[in-house]
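Consider the two complexes below, in which subunit A is the common component and subunit B and subunit C are the respective partners.
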Partner chain A sequence: MSTVTKPAPPGPAYPVERSTGRPRTPFSSRISPTRFGLLLVAPVAVLLVAIVIYPVAYSLYLSLSHTNPFTGVRRFAGVDNFQQVLSDPDFWHSTWLTVYYVVCVTVLASAVALGTALLLRERFVGRPVLMALIVLPWSLSTYAAGVVWRYIFSPQYGLLAAIAQQLGLPPLDLLSKNTAIPALALVHAWQFAPLGAYFLLASLQVIPDDLYKLAKVDGMGILRRFRTITRPYIRLPFAIYVVLVGGQAAMAFDLIYFLTSGGPGGASQTLTYAIYQETFQDLSFGPGAAMSWILLIVVTVLTAGYYVAAMKPGSGQDKAAEA
Partner chain B sequence: MVGTSRRRFLKAGGLAALAFGATPLLQACGGGDARPVPAAGPPLAPPSTGGGDLAMRIWGAYPDFVTSEVAAFEKTYGARVDLGVIAGDYPSLMTNLLRQGTPLDMVYSLWHMPQAYAEANWIHDFERFWAKDAATEEMLPAVRDALTINGKLIGLPYFAFVNGALFANTDVLRKADLEGQYPKTYEELYAQVRLIKRRGASDTPYLPSFWSAPGFGIPFGFIQEALNRNIPLFGPGGRPLFDEQSEVVDMLGQWRSLYREGLVPPGVLTFQESDWTEAFAKGGIAYSPQLQYDIKTFSDPQTSQVAGKIVPVPQQGQKWGMLHVGAYLIGNHGQDDATLAQAYGLAQHFGYRDQRTGRFDVPDAWAGNYYLTQGYSAVNNSPALAESVARWLPDPETNWPVLKDYLTDPQVATDLFHTTWGSVWMTYASRELPKAVNGDESPAAVVKKLRKKAESLIDEYGN
Partner chain C sequence: MRRKVLIHILALIALIWTVVPIVWIVLISLMYHHEFASADIHLFPHQPTLANYVRLLGGAAPDWNGTAQGPNAYGPLIREGLLNSAQVAVWVTVLSMIVAVPAAYALSRVQMRFRQAGLLTIVATRSIPPVATTIPFFALYQGLGLSGTKTGLVIAHMTITVPLLVWIGTSFFGGLPPGLERMARVDGCSRWRAFARVVVPASRHSMTAMAVIAFITSWDEFTFALIFNTGTPAQTFPPALSSMFFQVSVPTDVASATVLGLIPPLLVAGLFQRYIRKVNLVGL
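So, the complex of A and B:
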């Protein structure tokens, strides 16, 4: 009877502690990959619950409650707060101002972003400097932007007032009731357009120059070249940017707070500013939360609708290739 | 295996979320934000030993000075003070910090807020402050009344000055040939600004600072002008005494005329506080109601192009402006008596005679360095302050008595400011009043809405 020595089982190449006499299996190997993955995402899941789901759920609760922190009253209100908000003319005024503001910001910012991106796609002297300069508004904090633009808008000591004075014109008050929203939108677009310009420029730079050369040979004018070559390439990033800028404009608060405080007389009191006043100044948490939910629903529906419409199938980079 | 794991994970996550959210939700359903009533008791003794951690929150006025005084307090009393400056909408942010039960020992507040804080038990009163009787004895009567809620002292004065003290630019008056001919009433003031414009001495001769955008802007202007004109606005418990037949409708009509005729600077309805001072300091404006302490800013050539030309308009029968009081409050976060005593000590250092020196060290410094007048006549009428003011005020022999007169017997808006809902009404008024000025709505319609709002707030909050 011969003794057969069994070969050693395959094991780790690195030294293994043998304090228990058995090789230690790593924890990740003792549970299924799915469980291990779930464990890894658990901290993020907890964080999301804490900072997203809980506040959202709590604001829903507040929107369905009568709450007064000073008197200590808290009771279920059903949809009273929503009814109260929807029957308030000030709410509809703020809604109209929000729509007006979003349209102004989106149109201005998108136009400037697209124009800047198209300009920066060209090769010219000073292009790198210009590329660096246009990012400046984006890099400024909103507070700093607000301070700068207060000095530009001020009819007393502002830049525009000084120019008007030089031209012999009366001082301009761009933050008056009729011009407050467009003026605020101008500042917002000024700050947000550089992001769009970079966003679009990245897409423009992947368009082969040959396409434009061939189009020129075919006798296409500049507008047609834009429509048939450029537009399909930037359609997706442009749609994303418009959704971004539109959503951001709908939620704008800080610029309005710094420049007009919602005035004069509510002339720039968009929904977010109204929510701030209702919730944090008046401590009317119920109506404030109800307004927030209405705003959330409207913004979600509009942006999703726009995005779906803008991304209808049948148009895309294939068309560019066809062109 | 995989499906089961995910399902179990989500189930567990959902339960965890529910548990996480349930506690505050259940709390919310049951109680509210009101805190337990602070324990009453005999006056505390000043802390004999050092130590203690205190949290102090302020708005951003001269933080370097406050920091140095906090350091002096820490050094003298051996306490540690966590000083924080709150930027932005201080009243709203502070209200929410107190509501959440943030452990704050001493905070700044304007005097129209503590009533609500006291109702909700978010602050301690000063009934157990060892020097309460002595401090109230020395306070200006109007300041003592402003800081006394339901018979209890709720804070020590941080400042007391007149909001809407009327200042004149003598340069413009001289050009209009009106030097020394100061108005005695608002009617005379408005007639004179029209005359100044007609005479070409100024395009916009009147700057009503308090038409501006922030919440403490135009409602304060409305209240103080009505007070000065002796138009009743609010009665006990905040009961509104005005309606569409009230003289305030005519007052708003006069504001509308000033705006329409271009007698006030364009953009005044969206001014921020810095704009009021910069616009007046630039020159070309004849009259402006301002914060009383800003006369020092206007007299400083570093910050004013009209230094030496800005004087306070004497009160000749009718008052100009109303009392404005800032307070040091003590937050109620369930602290023990020892910590409360430390907080009282900090409040005393800042808002009364320092416990060890027995002098108004910090109040004197505020008044002397910044002309931030105080709630104590001993500070406001001190020879040291007179000497300090004489260094920058034009013609101090004439103008110093005028400035002192503003604080002698100022008018106060106690009936509104001592309601729980006063700040809510003022936020609403800050949205509505500009509509009467710029013509969006008639003055009568705005006044009607303001009354209705006050009535609805009384319904909600009670008197």
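So, the complex of A and C:
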């Protein structure tokens, strides 16, 4: 209380820019909005050109050249690498496996996702708990999911093998030649279904309950109700999810690496795994890069095609209004 | 009534399907190898122990029958991997945020031309699969001496995180009240100050979510880490785990290493859960 208040220094109590005579507009306000925006975007643009566009262009160059793996010397090869890849039966085998894998993953993941979403719309004991736990697989790193499922599938120490043994069944090896791809797809679906479930649930919760009540009064069975009420609402989100999962499945690497390493005997050698082997184990960059370009083009075309088909006018919510 | 029972059964199946694989690996990590290798496999350990973790972290712990056991030989590999992963993830987060936040802001809120085109181009780079970039990166890194370095891995990870953050960021900034900058400008802020002093503080929660996502994305990335850094001093956790997984055959040790690697991202996600909730999941 007894402190003596010092006299305030002369001048305004807040700092001001030293006046130079004329009012100065800050630089960011002097330029046009477009310039300001471009200045903010510039770092990302420069960065992406340097670390994405340039490498991708470089990979095109690699796919068109012969590289000596020991000396690193390159010479132009034209389309030799593409020809070599396309005439290799192993490539077609891998392509077929990739298609098979993508189909398995897409079917399993969308079925699980839709089932979970429909289930979570219902009321039951412990629903909040399930709601919270269901993201767990999705929040796992993909490589960790691979290791986790190794402990389920392994014929030596896996949980399934143990259960089979205790039930007195013959030894169970789901990672064997004929079942490797579906088993991998199951793990992939396990990991990515939660994402779809959440996404679909958000769309399901928009549907008014009255629609279902009215339909029941009209004597519609459960399948009819799903077809006429539910389906129009989830058609678009479902399509987006399918494309997302399918595209991801075509690029899957971590899971395959940890669970089967492309085996047994090449039974799960999908394109991504073949590219990895060709490039980083056999160090043949040309064919590896050519294969990665083929994969990139096919995936892009299929994804774009599917989007166009799925987003045709007439699909989606407007139909729901008619129902 | 029958419907109620059916729904509960289905919920139970969903629960088992979701958690049993994860619970199983955690339980294995708490078993002695002796118990795990015994003929009757059971879900819950009779003699639960943290010995696997202790030995992995460099300590000594007795075996099930009391015999002394030294630290795990793979301990240093895993510990270094965890440290390197953390360093790489932090750098990726910081650098990605510095470039992505202003860009996301500009592309969502500044009245500029080329907005749609810019956003589309950046998002399109997200659809390039890692395999298409690993090959040229590998070839380029050998010439630049970046192969097997943390710097190299940080750059590689930014090819994924930067477009991702720009994409998520535009939806965050787009959700702010429309007149925010105009009010700041009326109060005498320049364009830059309106962004730096008004918009950024107003969206700190969303930006926390962006940072968390960048961290987790870097931590979880496998392909680049495996191809560039396996067996080098800059080896991060995923390739370290992979070497351990393919070389030793002690499942209990591998299980505890795997669980150790899951802790950091789950911890970060758990701490900031309420911020991440708002992210449009499909953007990921």
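By definition in this document, the second predicted complex is superposed on the first by the 304 of 323 C-alpha atoms of A that agree within 3 Å, B and C clash if a C-alpha of one lies under 4 Å from a C-alpha of the other, contacts with A are read in each partner's own complex, and residues count from 1 in each chain.
Heads up, the rule we're going with is that a residue touches a chain if its C-beta (ideal position, glycine included) is under 8 Å from a C-beta of that chain, and two chains touch if they have at least 3 such contacts.
What you see is a predicted model, and the numbers here were worked out from it, not measured in a lab.
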Clash-or-fit label for the pair subunit B, subunit C on subunit A: clash
First (subunit B), second (subunit C), both or neither touched by A:Pro264: first
Partner chain(s) touched by A:Leu295 [first = subunit B, second = subunit C, both, neither]: second
Touch count on subunit A, higher of subunit B and subunit C: C
Which of subunit B and subunit C A:Thr106 touches, first, second, both or neither: neither
Subunit B versus subunit C as contact partner of A:Ser203, first or second or both or neither: neither
Contacts of A:Thr98 with subunit B and subunit C, given as first, second, both or neither: neither
Touched partner set for A:Phe280, first subunit B, second subunit C, both or neither: both
Which superposed partner A:Val73 touches (first subunit B, second subunit C, both, neither): first
Which of subunit B and subunit C A:Pro155 touches, first, second, both or neither: first
First (subunit B), second (subunit C), both or neither touched by A:Ser176: first
Segment of subunit B intruding into subunit C (one of 9-17, 45-53 or 81-89): 81-89
Subunit B/subunit C common contact set on subunit A: 34, 38, 45, 53, 58, 67, 72, 150, 157, 257, 280
Residues of subunit A defined as touching subunit B within the complex: 32, 34-35, 38, 42, 45-46, 49-50, 53-54, 57-58, 61, 65, 67-74, 90, 150, 153-157, 171-173, 175-177, 180, 257, 259-266, 269, 277, 280-284
Residue ranges of subunit A in contact with subunit C within the complex: 25-29, 33-34, 36-41, 43-45, 47-48, 51-53, 55-56, 58-59, 62, 67, 72, 112, 115-116, 119, 122, 124-127, 129-130, 133-134, 136-137, 139-144, 147-152, 157, 159, 162, 165-166, 190, 194-195, 198-199, 240-241, 244, 247, 250-251, 253-254, 257-258, 272, 275-276, 279-280, 285, 288-289, 292-293, 295-296, 299-300, 303
Residues of subunit C touching subunit A in the complex: 4, 7-8, 10-11, 14-15, 17-22, 24-25, 28, 36-37, 40-41, 98-100, 102-103, 105-107, 110-115, 118, 122, 125, 127-140, 142, 155-156, 158-159, 162-163, 166, 185, 190-193, 195, 219-220, 222-223, 226-227, 238, 241-242, 245, 251, 254-255, 258, 261-262, 265-266, 269, 281-282, 284
List of subunit B residues in touch with subunit A within their complex: 1-2, 5-6, 9, 13, 16-17, 20-21, 24-25, 28-34, 89, 91-93, 95-96, 99, 116, 119-120, 213-215, 265-267, 269-270, 272, 275, 278-279, 282, 420-421, 423-424, 427-428, 430-435, 437-438, 440, 460-462
